[in-house]
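In what comes next, subunit A is part of two complexes: it sits with subunit B in the first one and with subunit C in the second one.
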Partner chain A sequence: MSDKITVENLSYFHARKTPYEIKALDGIDLNIQSGTVTGLIGHTGSGKSTLVQMFNGLLRPYEGRVLLDGADIWAKPKDINKIRFRVGLVMQYPEYQLFEETIYKDIAYGPKNMGLSDDEIRERVLEAADFVGLDRELLDKSPFDLSGGQKRRAAIAGIIAMRPELLILDEPAAGLDPRGRDAIFNNIVEYQKKSGSTVLIVSHSMEDMARYCDRLIVMSGAKILLEGECREIFTRADELSAVGLDVPQITRLMLALKEKGIELDTSVFTVEEALEEILRLYQDK
Partner chain B sequence: MKSIAFGQYYPAESPLHRLDPRVKIILTILYIVCSFMCKNVLSYALLLISAIALVMLGRIPLRIVLKGLKAVLFVLGFTAALNIFWTAGEQLLFEWKFIKIYVEGIYAAVFIMIRITALIIGTSMLMTYTTTPIALTNAIEDLLSPLKKLHVPVHSFAMMMTIALRFIPTLTEETDRIMTAQKARGADFTSGSLVARAKALIPVLIPLFVSAFNRAGDLATAMECRCYNGGEGRTRMTVRKLRFADIIPLFLILLFGAGLVALNILKIGYTM
Partner chain C sequence: MAETFIKVENLSYLYDADDGNTRKALKDLSFEINKGEFVAILGHNGSGKSTLAKLLNIILTPTEGKIFVGGKDVTDQNMSDEDILALRKTVGMVFQNPDNQLVATIVEDDVAFGPENLGVSSPDIRKRVDEVLGYVGMTEYAKHEPHRLSGGQKQRVAIAGVMAMMPECIIFDESTAMLDPLGRKDVMEAIERLNRDKGITVIMITHYMDEAARADRVIVLDDGRLILDGTPSEVFEEEERLRECGLAIPQCTELIHKLRAEGISLEGECVSLEDCVALIERSLKKQ
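Showing the complex of A and B:
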């Protein structure tokens, strides 16, 4: 599988050369494979949001390179907007960026900036609205008449309408109720399957990440702590808890059972898998 | 971004940072008065030395102070040029066609430059660099409190200033966030004609205003929930008492002013 994004020795400082200087990224190396759903996990202030803003050129690294399909995104700084259309970034609480009179126009803002024809824009807006499960009747409403969850969907649709090769979502479910969370994540995974694009989800919820991601990247203190398949990562519960992160609750339960001397496979992270594993144990007996 | 968020305040450990903000405001006013009392070479030299002393007392890196001066470089140059070319005097130094430059003009230009520089360094060192905006507003409220007797709403005025100052960093951050979000959708704020650039700001301004109004509403509710009803009977969590060390600078500035007056009477060196 080829790499969508490759990051080499990336470093970045906030408020450089002021008394408030903070090292936000410290020599990061990583790659994100094409066609996968990758999760980026880390504590508040670990540098997740800064890192994802590197991928579409919103921030320029002080050291190191970001490669998109093997090409340095800063090769031509004037064309950085083209990179932003290829790497769509949904920021945290994206509903606060809605500004147009109607949802339709707002979703069309990105495609319009790409210079597409009206027909093409229309097609993309409707497609994006379908992907995020937004009723077509809502498209003519003002963004300010919508509920919080609907606004979130509209904002995500605004990015999807640009048909990015890599879709990055920074805490897409923050502040939503459990049903809203599941709906948004299911929509995203479904979108990934249908479009064949690459998706990167930033979150600090292990449960969500375990359920929806193929691979995980764990950040801590401006560095990459762990990288790999979900299964691998969750077997290293000690390292995770050392940086204040937790394995999913169900994995913790399995680890506790193992500590009691019950021989079972602890690399499970959904309730269904755990059920299967426990049933298997019973049948073996 | 953080540097904007905190205004000009430069955190450091220095005698000026420790000084009572109320005293600093009075000092600033007196310093401005002093700078206008300078009339001859010696007094201007004294003014320049006092400005340098302030920078050293405040322990602000020279780089930061010079950056602040860069903003007024044009004003400095412009006033200096005006003074050189338009001051008529007795000693003609240089003449070419209609341009006549007198020695008096050179003096006037140098003096005005020293005065403006000292004014800017003095006020910024005493107030903006070394005092947090909130401490400044509190000090202004204290100094204006005698006006309460005349039914001037000093407290409301100070509260409005405090709130405005409090929300500058928040709104800067918000603007930053919205601009980043719109850039991610391909917004371009830096190229195109003036009209195109102004139009590009609409997607930033609308969400910004919406959130500012929401915040204002939330804040009003939160204040009411905590039974805020104006300044009547309100006390501060930390009350600053005037220490002896805070009074010394007041004596110093009076001494400085007296020295300037003396120099003016003695008329040593070139006098305007």
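Showing the complex of A and C:
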């Protein structure tokens, strides 16, 4: 499988050359394969938001390169806008960024800037609204008339309407209840499957990551700490706890049981897997 | 004998929806909260949780029904401004977004803002500020600028600001929703401490089940109605009912329920991770 994003020896500093200089990214090497759903985790200040802003050229590396489909995104700095159409970034609490008079206009803002025809824009707005499960009747309403969850969907639709090859979402489910979380994540995974695009989700929730992501990247102290499949990552609970992260509750349960001297497979992280594993213990007896 | 602190009687709240009709956010709610109790209020987005919180603090006034705080009818139309002020001093509130609650440019000034408005003397303010900052573990940040703090630190400053007014009750309206795991943990510990050590009545609105599991009692709202009320253990037994209203029980509790359904005998509480580990361990070793 080819890489959608390749990051080579990437470094970045906040407040460079001032007394407040902070190294936000420290020599990062990374690749994200095309057509995958990858999770990016790390505690506050670990550098994950800085990293995702590198992927669509909102920030420019001080050292190193970011390659999109193998080409340096900063090869022609004047064309960086084109990269932003290809790499869509949904920021945290995007509902605070809605600004147009109607939801339709807000979703249409990206495609309009791409210079598309009105017909094409219309097609994309409707498609994006469907993808995020936003009722078409809401499109003519003002953002003020929508609930928080609906506004969140509208904001995500605004990015999807650009049909990005790489869709990045920073905490897309923050503040939503379990039903809202599931709905948003299912929509995102569905979008990935239908569009064949690549998705990167930034989140604190290990349970959500375990359910929806193929691979995980764990950041700590401006560096990549761990990278791999969810199953591999969660078995390293100690390392995760050491950097202020959690493993899914089920993994913690399995690890605690093992500590009590019960022999079992601790690499499971869903309720169903744990049920199977524990039932096996009873049958063995 | 537990003393009733808040009493809610047949409370309803109507609001004007954008389609010109009125809708009921709360429907005929009645319950009591005892002094010193730690109560979690659960419900999905739009279930009426935040409306209830705002009513308890008279930021909103009910359409129907009454609320008594410390035996006093706070929904009385003839409440004077002083009465409302006294109520807000008694029942403090911490909101969701840490960035919307801090007003001053230095942490300790922010904490002093409340008592200053209550007319507390300067030496007393100093004493209170030092005490509450210590309480939430933010003493070393007293001279810092709030905007440079992490979300969890900001929330702890906001809690200190409310505590500095010496309330008897604090309502937390999804105060951990915007925080990372570390921030959530620090804030939850601060909340538990002020309930346990200071005897402050805590009403915590949340949709994190693991947080609700730490309360004495859980009230579940669905579509403006109270549908469940009991200890976390009792409420989590109603797995189906919770699922129907968009809530999920903690994964460990769900696992224990599933094991029981497979015919495995696991007797006892299964609210916390530790409970569940102990139940499985005991049962396996018995075999």
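Following the convention adopted for this analysis, the second predicted complex is superposed on the first by the 283 of 285 C-alpha atoms of A that agree within 3 Å, B and C clash if a C-alpha of one lies under 4 Å from a C-alpha of the other, contacts with A are read in each partner's own complex, and residues count from 1 in each chain.
We adopt the following convention: a contact is a pair of C-beta atoms (placed from the backbone, for glycine too) under 8 Å apart; a residue touches a chain by one contact, two chains touch by 3 or more.
Note that the structure is a prediction, hence the values are computed from the model and not measured.
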Is A:53 touching the first partner subunit B, the second partner subunit C, both, or neither of them?
-> first
Can A:18 be said to touch subunit B (first), subunit C (second), both, or neither?
-> first
Give one of first, second, both or neither to describe whether A:84 is in contact with subunit B, with subunit C, with both, or with none.
-> first
In the overlay, answer first, second, both or neither for which of subunit B and subunit C A:147 touches.
-> second
Once the shared chain is lined up, is A:116 touching subunit B (first), subunit C (second), both, or neither of them?
-> neither
Residues of subunit A touched: more by subunit B or subunit C?
-> C
Looking at the overlay, does A:43 come into contact with subunit B only (first), subunit C only (second), both, or neither?
-> second
Should A:67 be classified as contacting the first partner (subunit B), the second (subunit C), both, or neither?
-> neither
So the subunit A residues that subunit B and subunit C both touch are none
Subunit A contacts subunit C in the complex at 43-45, 93, 141, 145, 147-149, 174-180, 204, 207, 244-246, 248-250, 252-253, 256-257, 260, 262, 271, 274-275, 278-279, 281-282, 285
Subunit C contacts subunit A in the complex at 18, 43-46, 96, 150-152, 174, 177-178, 180-183, 207, 210, 246-248, 250-252, 254-255, 258-259, 262, 264, 273-274, 276-277, 280-281, 284, 287
Contacts from subunit B onto subunit A in the complex sit at residues 1-3, 6, 10-11, 177-178, 180-188, 202-204, 206-207, 210-211
Show which residues of subunit A lie in contact with subunit B when the two form their complex.
-> 14-15, 18-20, 53, 56, 58, 81, 84-85, 88-91, 94, 96-99, 109-110, 113-114, 144, 158-159, 162
